[in-house]
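Presented sequentially are two complexes of chain A, the first with chain B as partner and the second with chain C.
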Partner chain A sequence: MERLPGRVSGRALVAFLAAVAVVPWLLPNQYLVHVVVLAGIYVILAVGLNLVMGYAGQVSLGHAGFYGLGAYVSAVLSVRYGLTPWLGMPIAALATGALAYVVGIPTLRLKSYYLGMATLGIGAVLHLAFVQLHRITGGSSGLSGILPWDLGPLRFTTATEHYVLVWAFAGLALWVARNLVNARVGRVLRALRESEAAAEAMGVDTAAEKRRVFVLSAVYASVAGSLYAHYITVISPEIYSFLFSVVLVLMVAIGGIGLYWGAVVGAVLLTVLPEALRRFGDWEVPLYGLALIVVILFLPRGIAGLFAREGRALAPARSSTLPSSPPPSLPASAPPSAGQVSVARAHTGPLLEIRRVTKQFGGVRAVHDCSFGVADGEIKAVIGPNGAGKTTLFNVITGFYAPTAGEVRLRGVPVTALAAHRLARLGLSRTFQNLQLFPGLTVIENVMIGCERDAPGGFLGAAFALPGPRRRTRIERARAERALATVGLEHAARLPAGSLAFGQQKLVEVARALAAEPTLLLLDEPAAGLNTSEKVEMMRLIARVRDGGITLLIIEHDMRLVMGVSDRVVVLDHGEKIAEGPPSEVQRDPAVIRVYLGEDAAAIA
Partner chain B sequence: MNNHPDRRAVTAAPQGDPMLTRRQFTTTIGAGLAAGLLTPGLGRAQAGTIKMGSIFSYTGPAAFLGDRMKRSVELFVEEANKKGGIGGRRIELTLYDAGSESTKAVLAAKRLIEQDKVDVIVGDGNRSDIGLALVPSVQRAEVPLMSVSGATALVEPVKDRAWVFKSTVNDTEVIARLLDFFRKRGIKDVAMLNDTGAFGVSARDQLRAQAPAAGINAVYEEFGPGDNDLTTQLTRIRGTNAQAIICWTVTPAGVVFLKNAQQLGLKQMLVHGFGFVADRYMQLAGDAAEGLYLTSLKFPVADQLPDSDPIKATILDYKARYRAKYNEDTDVYGGQAWDGIGMVAQAITRTGSGERGKIRSGLEEFIKEYKGVGGVFTFSPQKHWGLAKSDVVIIEWRQGKFRLVDL
Partner chain C sequence: MLEVRGLSARYGAVAALRDVSLEVRAGELVALIGANGAGKSTLLRTIAGLMAPSAGRVTLEGRDVTGQPPEAILRSGIALVPERRRVFADLTVLDNLELGGYALPRGADFRRRLDAGVDDAYRLFPVLHRRRAQLAGTLSGGEQQMLAIGRALMSRPRLLLCDEPSLGLAPLVVREIMRLLAALREAGTTILLVEQNARMALRAADRAYVLETGSVVLAGPGADLLDNHELKAAYLGG
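Showing the complex of A and B:
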């Protein structure tokens, strides 16, 4: 298995949990056990937040609110109705998860600072609710008389009993996080953090993926809240203020963003450190601040970054020439999957139809009344000078832009302005003009994202390491390896994609699109930035792909490539189609010559 | 499984980059944390000493109260030890900051109880919600706690709060005292305008419970602690026949109340609760505070008390000592901590024991007519707050000074 820097082996995790298990019997008194109980609660919170921050790349400043909601729901149920925490905790988790889901719909559309501000608002509203609903919550003086944890008739009283309970949950939280991160979900999250557009184009429903993680993270916070409430048995709103959200973010940052076990280190350190500094009296606060500054200054990747395996050093940039001998095996033109077949056979017209598409940006008409079709099994090229509207047309077809007028049909079915990930799931795959790889993922992981269109989801299965998702991962890996072999990059599978030469990165992008096993592949300037020999290789690759049964639509400037591979060519100028036909005809078309060479040339011709 | 020969390699750091190596980091942090966690507090344990713990919030939002409390306790311990301790035993004080957070305060309490093994805790983080969070810990460990916060729930019901005492007044007494004052002035109709925080809500509930028996009609209005306009509420009150308006808050919204009342030209008597007795608030309100009545302990008007008053001398003495030591003035809150530790010292002296259980029973048994700074305290097995209605006075803000109106 390829590993990215910072992954922990299963053995290390088990060793860590075993060490955790004996801690309370090694500590000299219950106060220290209490410290590690709290640390365990914070571990759950920080690991959950790290899933959102480190993997989905979203800052949440509202986690104290979710923590508080978990605490208040199960505490109120316990105080007012005598409900056991064993029922209160799941009810609280459901309520918190539902809230996070609803709140996530609008807010997760926001990016970076804006999402931070929105979650800040959620936290503030929840905090205010804890204070203002004083008839239920006890207001700012808090809620006391919360039932402690119990096991049948046995009521938990000592810190050691709570230690076992809390760290059992912390272990579960870690295990689930590890499963997710190492499985498809982790791969997808890291991918969408690096390029949301590319993930979307590969069939990833980015909004849904982010929302699922956000909800899970809120559930983590809620469980931690219930654990706290029934342990301390008194809660008050001040615990769940904005300041605590910041402390949580700090735990994740200090521990190491994006390394799921980094949050464990951060949470434990930020719980233990202030306690260790207590004996310095008035110096406690300045020393604490100093310690944090030192960590942030000297360990920019967090403490986990210091301990993370470096993996291999990034590969020295290899020679940019492509493999000289064509790869032996031919593409991934594996038979289309069942769903595709039924659609495929029902339709007899062109595979892709563009009908009178117009796209206007304000006063600028980028594409005007453009129509053409792409037949099954052909290679069609769209050419035109700069600014002719090629890329705009491409973005309309792939669902990134909604056209101002006209429609797009795939196998006769209107797919105009369908979300990019849904188009991808219908069998449409693409590359990008300016590379949209996921540079932090390995090459094979990049290509595996291409398999996303077939069976999205599997979140819960992955969380609990069920056999289904694991089997699927194996299948996807095999598929990705085939696609890599097609482009001749199987030797680079375990390298970070960002470390490859530009030409190779372009091939990885093609492999990723091929792994989707598309019916229609759209290539956006595949030759751009390539040298002559690479261009030749790209032409061969395109031909091989078509021979594998995949229809291609190519946008390209490079005349040699276009004339060399395409069956038919569409010429655009100022957003309008001026010619269509086989390369040889188009080359002779006076209108085309005029566009490319100017009036004089047309006259000469 | 994994083939990483470089597992133990030190993180490669580009030259000149300020990076720590793994070993430097682990040894420093590891040793530092272990030392900090496992060593006892600063004081050295000696046979025959009284181990006392204190928890105040001297950082965070509650620090404006906690700072003088902490200093008062330190002053008390210093003076007592100079005189040979309490009943011949030196006090060994371990002070922890609650940082205005209840989670931190609970940690501090557990540390005092389990690791420092103190005999008694004076100070509960100086905020009611923080104090309440400490109650389960001290009850379970059976360590006496002298709270310096206001909430009645800290010491009621006594059967569940056997180990908790408090050196502050209850709003039960304050409201009762206020109703006496209204009767004396012939006021029959009043309006209560309280904030929705614990302090305001609790006072409103007390007024609801006591007003009918006192023959006083009350109407009620509320505001959020952060509100900056109360004209809506005051306009509604103007429409009633309330002769006095009582505002109950510790927040700056109390200043808004005074200014809005002035803008609306309200002629009613304006009254503030005992959480608003602060020069700073009066100065912020300017003219609008002129003639304002407040319910208060005797502390702010100590110099105006007759010499026969039982606690006049105590207050002036405490103020003078504090000023001599720190060269600044103390306040009524510092006085609460001063009374708290004073009563614990008295219980220890009288029982002749520094044992946890003895201190607890000593407080119930020997705190009778104790002349503190806040008033005259009397504890009993049924009553763990010491003050009475007679400890509350009505004062007025006039010409830049609090003046005693009704003793």
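Showing the complex of A and C:
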């Protein structure tokens, strides 16, 4: 099977670590070896931070605090209790990880900069604690007499010995990061960075995914901190200030945010550059600043961005009308999960029931007292003027909005305001009117995210490249390819989704929703942006999806499609249901003609 | 008025436009139809300067505007109504309109011209006047489309590029927008229209071009193309 684009090659990693292994024997003196030991420690820090910043799209401004906590916990255990760093380091990592977990609970539910603000605070508090708790930490004069690293009877004294130790850990950190980036974890993180809504709609618990990687990143920082403390054997609080957090962010930014090798390049560069500039005396700081400005001005994707293939077009696109040949069978016949079955058997009423749902935004009533059901195997259309509340209703059903009043039931079970990802796992799948694709991911990766609802998790298995997650990736890949073939876009699998035309992007969304193998599929304006013959294809596709056993609820303005495929039609106006019935009936309803269709309805079909 | 000669454009390795030539005469409404991914939006974006062409020339009234930055092209008289409207959702309707007039020449009477433009937009779309203090993101789809057109007209363009104005609009509103484009043409604005609803576009257009995989494959008066058999099979749904 060909490799997915954006994957980090294992061979490159092995080659890099092999090159790293000979470095100390090429350097003329121990001071320079010391510099590359530090570089190794910073690589661990930057690679961990890049997982959070580059992949999950969250900024941490408190990583110096986590670095410090790792250093202080194992240093204090060593100074006060004579504990070996081999035990101190994991204890410190546990403590730091636990702190990050707690910080992550409230902040990672929210988007954008809340993690940045919270970690800024945590970093400041930790720094203050290192200074103020002087009985334990030695205060501002620092802590000395920290036990050095050892290996049985061998005590590490030279920089070269530490070099081997530090880079062994750096290699482990790089290997785990690579495994995660290459596995579904990396794909999911990049996806939620681009559209959290779509990731949720596909069954991804975005808060949990972000929290896991944030905790891992804090653990990386803590391990780096312990490595440093027992290498230098003296630590003092000024190293762990806000300024160093900023330097870490800079390492990632300059190397290339979200590019695997970027963090490595940035960390090494920002360690070595000040040393190289030292000979310029007073000019060191301005030259350093100038170098940073030059990189940011001319290399917006960072230094590694120069060499990265990620995000470039990978194969020539063939644009075409949708193929009219009958596509392969639908991926819709997968066995439902155990939970679904038990719910399914207990219930005989409609699949989906909307009971007296009202949704208000401030004073605006978007949906008012709306009730209807969707029967198993039915195609139901929702029509109505722009602004009638159709999409709001979709958002209530799929868990994006909590209704102000009313209830939603799936197979008779109340699911009102369940989190979107939980509804997705129950078999609800949807597309979005205004496109919520992951534009930077390839088409096939977009569709693979559709498989997320089945078996979330697998973080540790992925981190250590266990066979289970790898097998799963192969299965998901095959499922995604089938779904792509269903919409006729298999030729575009390796293109970045953002490079397709609008109508094709809509089809990718449909494929992604189909890859979830849902019970109920909600399509929000599937025909928007399609031309007349493509709409005919869409109608056939919808009919095939239903024949595959999937129930559909569709918002659409194209009357030919609505009248052509749906079994029943619900009409909304100003948030209220004004009509419901078979298409032929609704089409003749005077109220519907007045508010929506217009008198000359036939003229535009 | 607008002349496009041998225009090519690419996304990385992907050729999006291949040697496209077309012209739009003053006062015409010309439609551009074709499948998804055929390059229609890319063509409009390239004319508007949002994408650099890899070959070819774009001239407006004999003046070469190829490869100029979008603001310069706007100042020379071409305004784009982008696909999916792209109104500034967090700004008011009035702010959106005034930003459309950003390219008007600055001078003593800049404010007066700006206000006059806003008044014209309100005359054309009375609903925008009622909603003038509302955030654009809270408008319905049809109202947003009117705002996008009104915003584009603020710079007093001689050529209006319209990228799929009917997208996602209710049938009643689609007809209103099409009537409006026809009225604009009557009033002397030249229009190049991209539309998925080929039948509707061909009815409204003086002439039309059919784009396929980045190349013009068919051109002619709208009425002739409506009767074209191949076109019927491919785009008009029989």
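Details
Keep in mind that, in the parts below, the second predicted complex is superposed on the first by the 554 of 605 C-alpha atoms of A that agree within 3 Å, B and C clash if a C-alpha of one lies under 4 Å from a C-alpha of the other, contacts with A are read in each partner's own complex, and residues count from 1 in each chain.
Just so we're on the same page, contacts are C-beta pairs under 8 Å (C-beta built on N, C-alpha and C of every residue); 3 or more make two chains touch, one makes a residue touch a chain.
Here the structure is a predicted model, which means the values were calculated and not measured.
By the touch criterion defined above, A:N29 lies against chain B but remains apart from chain C after alignment on the C-alpha atoms of chain A. In the overlay built on the shared chain, the residue A:S371 is in contact with neither chain B nor chain C.
With both structures placed on the common chain, the touch criterion links A:T157 to chain B but leaves chain C unconnected.
Partner chain A is touched in their complex by these residues of chain C: 11-15, 33-39, 41, 83-84, 139-143, 164, 167-175, 196-200, 213-214, 233-237.
On the side of chain A, the complex with chain C involves touching residues 312-321, 384-387, 433-434, 495, 499-504, 525, 528-536, 557, 559-560, 595-598, 600-601, 603-604. Of all residues in chain B, those touching chain A in their complex are 1-2, 4, 6-7, 9, 11-12, 18-20, 22, 25, 29, 32-33, 35-39, 41-42, 59, 95-97, 99-104, 106-108, 110-111, 113-115, 128-130, 132-133, 135-136, 140, 151, 153, 196-198, 201-202, 224-225.
By the touch rule above, chain A contacts chain B in their complex via residues 3, 9, 11, 28-32, 34-35, 38, 131-132, 134, 139-142, 144, 157, 159, 232-239, 269, 272-281, 284-285, 297-299, 303, 305-307, 309-310.
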